[in-house]
Amino acid sequence: RAQSADPIKATKGKKIDMVLLPKFLGIIVFDQANQGAQEAHKELGNTGKLEFLGPTADNSVAGQIEIIKAATTRGVNAIMISNNAGDQLVPAAKDALAKGMKVVSWDSPIAPDGENLFVSQVDFGALGKTMADMVLDIIGPNGGEWAFLSASPDAANQNAWIAATKEALKDPKYAKLKLVDVVYGNDKPEDSYKAAQGLVDKYPNLKLIMAPTSVGAPAASKFVQDEKLCDKVKVSGLAVPSEMLSYTKNGCAPEFALWSFVDLGYLTYYTTYMLAAGDIKGTEGETFAAGRMGNYTIEKDPGRKGGLRIVMGPFTIYNKDNVEAAAGGPAPAATMAATMSGTMSATMAATMSATKAK
Amino acid sequence: MNAARLTLEMRGISKRFDATQALDNVSLQLYAGEVHTLLGENGAGKSTLIKIMTGVHPPDQGEILLDGQPIRIENTAQAQLHGIAAIYQEPMTFPDLNVAENIFISHQGRGGLVNWRNMYRDAEAILTKLGVKMDVHRQARGLTLAAQQTVEIAKAISLKVRVLIMDEPTASLSAHEVLQLFNLVKTLREQGVAILFISHRMDEVFQISERITIFRDGKLISSAPAAQVTPQSAIRDMVGREMGSFFVKDKGERGKLLLSVKNLAKEGVFSNINFEIYQGEVLGFAGLVGAGRTDVALALFGATPATSGEIIFDGQPVTIRTPHQATQLGIAYVTEDRRGQGLVMPMSIAANMSLPMLRRYLNPLGLIRRGEERKTAEDYRKQLSIRAESIRLQANKLSGGNQQKVVLGKWLNTNPRLLILDEPTRGIDVGAKAEIHSIINRLAQQGMAIMLISSDLPEVLAMSDRLLVMREGRQMGIFNRENATQENIITSAMGRANEPETALA
Amino acid sequence: MSISSTPRRPALRLERLRELSLVIIIFAVLFFFGTQVESYFNPRFFRTVTTGVMIIVVVVVGETLVMLTRNIDLSVGSIVGFTAYVVGRMVADNNSLDPVILILLAIGLGALLGLINGLLVSYGRIPAIVVTLGTLALYRGILVEFSGAKSVTTATLPNWINELGQINLFSLGPLDFRVLIVPAIVVVILFQLVLSFLPYGRRLYAIGSNPEAARFAGMPARRIVMIAYVLCGALSGLAGFMFLARFGNLTVVAAQGLELQVVAAAVVGGVSTLGGSGTMIGALLGAVLIEVIGDSLIRLRISEFWKDASLGLFILLAVASDKVIVGRVRDLALRNRRRAEVIPSQVPPSPAVQEGSAHVQ
Amino acid sequence: MSNNANGLNLRFLRSWEGLLTLILVIVVLLNIRLSPFFLHGDNLINLFGVSIEKIIVALTMTFIIINGEIDLSVASVMGLAASFMAWLTDKGMAFPTALLFGLLIGLVCGLINGFLIAYLELPSLVVTLAGLIAYRGVARILLEDRSFTGIPPWYNDLGTQPFLGPLPLALVIFFVLFAVAIVVLHFSAFGRYVFVIGNNKDAARMSGVQVRRIKMMLFIASSLVAALAGLLYVSRLGAVRASIAEGFELDIITIVLLGGVSIFGGTGTLVGVGLSILLILSLRNGMSLAGVTGNTQNSIIGLILILSVLIPNLAQQANQTWKRREYVSRPKEQSITRESLP
């Protein structure tokens, strides 16, 4: 990001109809993304419409396809998709592209030929490493058994993060961290709670549950707290600070991470608007100014052959020192105590030492 | 009887179902302590009148008065509040409840707790009074029709009623149970209950009634004290013409042996059944309710296969495990339970008739030739004088007797080699009964073998060439026409002479 | 084949038989896993099963009431989610809300939703499955619409709710009985008594067994069915509160799909979808059986991906063996006594007819 | 209720189907008014296209429900057929052969369901609920968390490109199956038996109908068609995951029930189901075009489902009460719920 000296600026006030499509409705993070998108919508003075349309949780795949199809028919100018349907969205998305629509994925990408580009919240490789670090940090150098509690086997981003983490684990310094299982909580608190319960039943020596899902992490924390196992089994993952406050404070979930979904929605909107307005072409190397978030450059996505992305960047590691401040609301990244960029190591280390200092 | 008090009066009642005028301006008076009998052909409107009395159907016109006061009856609950209870033509039991509960379900008010012990005790007492012993703890599911009917009777008489309506309560009972029922009716009568009784069995009617009212085509034809009515005049009023003599069975030619049954048994149900049926022969089955005749028929038809024994059909030993196999062999079974096993209620008469022989009505593509189907149904409608506006009418819109005729027609149409008739004339009026008897006669003459199960003793006696008597799952003997007298049969069906039941004979 | 003339004691009733057979199967399952899994029988497992089953049990009791009348309530999942979420939000906004009032609110809200179902089914004369498929979507839709996608989290709940799930009622040796299983046990016992001894309960059976006969017998069938729905809703509301207390973190999709688990538990427990048969004890055992299978499979350490296939297989096996056991035992019982006897009695007809004896104390 | 043998007749048309037609006309008119895109050829194909697999399975589901049973496992069979096909292709089997095996696994599922329901006489609700869990589970075992994308382009084109005129293959198959289903259900002996069994299983058996065989055939057909639909779904999506088609069963059953088929069996027509398909699809399409999605869309469909039965019922009830008033004055009416009448 922020490489070119002369970033492209958005042409305000155009009429561009846009659809923001989350994985499904009813989860706080997607609503936050919508908040960010609405903010950008106003800021850019778009005279078109921004619609926040999503399927239900139990009909996500078919529902996403239906919404894309309808948007294509209606001649919407651009659609922003958090893919929950794996590669199954590709034909519908290709169709949309063929009709001249702009398709931008965010949060969870589509296969490259079904989109213009992907607005990535973080660098997936870096996130994998961060998760490995958090595990190491929490269960200590002596290592032990730990497991993933993911959303669903079909969530592209979750799978990518798990894969990235496994990749990172190859580093000898993680040699003693034994990843024993990956289970799924379907993005429902009760299923996640039971999945955590299952993990603990299954692995008596389990030391940590890593839940890279905003629904799974608090549910797993609640379970270990209910079973008074917080001393034995810790929880970490990606979660919303306000939902983790008490668990972080009482030590059940000492450390977790998240980026701002408001920012993600804002950036996605900005990118898509500029693409649809013709300000940017969506080619590699273009650098543009995304309002309050600064400048971004379109680059190759190392994780997806032939894919393009922009990486939003900073995300935050939360612990008992900063979680309270953040819990008030999803604060913008800039105000956070410890932020990290795509190539974070320095700040990371700082955060780590902060935790260990205690 | 002149002193009798008018309890319930129906004035100028009319009721129309689509194209059928079921009742046309009829009036009826029920007096306290009097048995009033309704007579009429199948479809004359008897059951409809009753359903209006109990609030099942609203009348189109007319009014109902209780003790001279006009009353409104919009549903059965209200009828019950007025002290009107009915035994309907088709038993209305609750299959998942046990016998005792079935009897007392209407007693259970809103408050309080169910006292099971008292309920079982009282249920047993009532059934004892009815002259039957039944396991009151048993679920009603799977009870024979006669047993269900008995439960219904027990239910009705257990209520404290002022008007008791009985729509063909005796249709599936044998002489013994009928006698017990009539004894009960007499005590109710003494207590001042007004009783409305319906039956197609003439001897019963004249035995019990004080007053007889006759319907034809929904109209009231006559209403008079029983003493002024003779069976002949009653039949004339019902049918609108003179009727020939009663049953006739020609002594037919006995053809070759068709079926022989050896040591047939079904564990816990019946055992050691041995008989033969020849072509052109009518083998009657007599016995009390629950003797196991239906079970033997069901075993032969493969519905509930026997557990041991031999069946030799047309010279070949066969095992019949499903009704489908039986029909393939050319066996037809006219069930006694027309509602449960005979008819597909919401379907048309035509569809019901063609069902066992559907393949006869298929074109080469496997599609049903509706025209042919209707033609057959039309034929049987005429032959059996089924009272229905059209053969497209749903079976559940027919009167009880007419439903029975549809079931008969359906199996006659298969032209079987062995025809098993289980209570074939249950609920069928005198005119049609004679018609059915002549059909049976004709079929036998044409060489069909017929197994006739009937609780109507005069009927089996008159129609059978030989008569097999069963009692409690055992075969008591086979009587030839010559020695099959009423006394012989009853004695045999009730058990040996030294048993106390013979007191009845 | 002699006939005893003394009245028989009631032989094993079909319902008892089913319950017995389920108990046998549950023990068989426990035994099987006991041999497969090391230290299978531990106190935690007991807790897992009891706490896992308690919410379902409360709902399945309500569902059974409805199913007995030959109806069905598919909206229970949405009612549980709705009440859990709404009550959760209320108490999150006002932490000082009295617990008793909160629970009553949950029950009342559930009852209200149940009342809507009941009115539509019994007075609107709409097939139950149509109504409750509709309200399944409707109640959930309203919840999603008005929640603004916010979650209820433990952080916003008062402590007493968060801790409710961990309070131990008492311990039996190493076995802990959590306080939240009390409502489940009470509800099962209470409604089993209702079914066995209240005229209302018997009428549920009657209506489901033969609706036409119920009408002819003059039962107020509409009211009875409606009350069943209201009770089912109220119990779902109670379950909603339990859901809140147990999971603490709720999204708007809370308890989605619960209806299938509930219907499965009921049907496995011997409640007929055609109405008229089933007991609360049976439904409870059905729920326990499914929970035990599910929890045990996890202990097998099979891969996550094998879990569902094995669960489905085990349910099938359980239902099939239930069928076989019940069938066998009933055959045996039938063989040993004669069938439905309608036997001429030896007692001469007595002149007096007992009048309208009451069996309701 | 139906007069005619197989339940297709005019009186029925005047009530349930007539009502559906009326609502359909209203919805279509509204759609045309509210969205300029509704009548576009593309959109009309789309209207079917997005749900084509569901409506194909709705056809066999109609038979099953009229027969008095239910098949909750269809969506899982769809998923299993697709996953099995994908897994085999992945293991190196030729794609067309793998497709055949996909159908074959559907047959196996049908045999299992059918055997347990028809011959062991287990309740279909439980059997197919267990099937719903188990078949999906097998799909999970095969594909785990992987996504299979090795679909040959020609197959993908079948699902996305026009096949006959402007119609894609799946739509052509649907129309053919619909015609066949109407003939079989309403004009053939088999269809007659389906109705008869749904109305009165005992009477059917006692009339020599081979109840078990018919049930067996129905469940096999149901799973086979579901497998076919699953494979067609793959051609439209171009990728397979183990979760493919998850949750479709409820939509499928809703379509059939709204079509006037009684859940207790014995009544219903394919005309009604056809109308119900058009109605639900137009509704969904219209709402999608209007930007109404997710739970709101479902709620509106739920509401319409209820209202479409409620309004005529209330009208009829009011009419009856009025009639009764003529001879009685106490307006309290007591009767039982309609659907609980046998």
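For reference, chains read A, B, C and D in written order, and residue numbers begin at 1 within each chain.
What we mean here is this: a residue touches a chain if its C-beta (ideal position, glycine included) is under 8 Å from a C-beta of that chain, and two chains touch if they have at least 3 such contacts.
The structure displayed is predicted, hence computed values, not measured ones.
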Given chain A and chain B, the chains that contact each of them: C, D
Chain A-chain D separation of Cα centroids, rounded to whole Å: 37
Gap in Å, rounded to a whole number, between the CA centres of chain C and chain A: 40
For chain C paired with chain D, centre-to-centre distance based on mean C-alpha positions, whole Å: 29
Interface hub residues of chain A, defined as touching at least two other chains: 25-26, 56, 58, 153, 182
Where chain D touches two or more other chains, by residue: 140, 144-145, 294-295, 298, 334-335, 342
Two or more partner chains touched - positions in chain C: 140, 144, 208, 210, 212, 214-215, 218, 220, 305
Interchain contacts, given as pairs of chains that touch: A-C, A-D, B-C, B-D, C-D
Touching residues on chain C, where the partner in the complex is chain A: 44-45, 48, 52, 140, 144, 147-151, 153-155, 165-166, 243, 246-257, 295, 298-299, 301, 304-305
Sites on chain D touched by chain A in the complex: 35, 37, 40, 42-43, 46, 49-51, 140, 144-145, 147, 149, 156, 159-160, 236-248, 251, 284-285, 288-289, 291, 293-295, 298
Contacting residues of chain D [partner chain B, same complex]: 1-6, 183, 187-190, 192-193, 195-196, 199-200, 202-210, 266-267, 323-324, 327-330, 332-335, 342
In the complex, chain A residues that touch chain D: 19, 24-26, 51, 53-56, 58-59, 61-63, 65-67, 69-70, 73-75, 85-88, 90-91, 95, 111, 152-154, 159, 182
Touch list for chain C against partner chain D, complex: 69-71, 120-122, 124-131, 133-138, 140-145, 207-208, 210-212, 214-215, 218, 220-222, 225, 260, 263-264, 267-268, 272-275, 305-313, 315-316, 319-320, 323
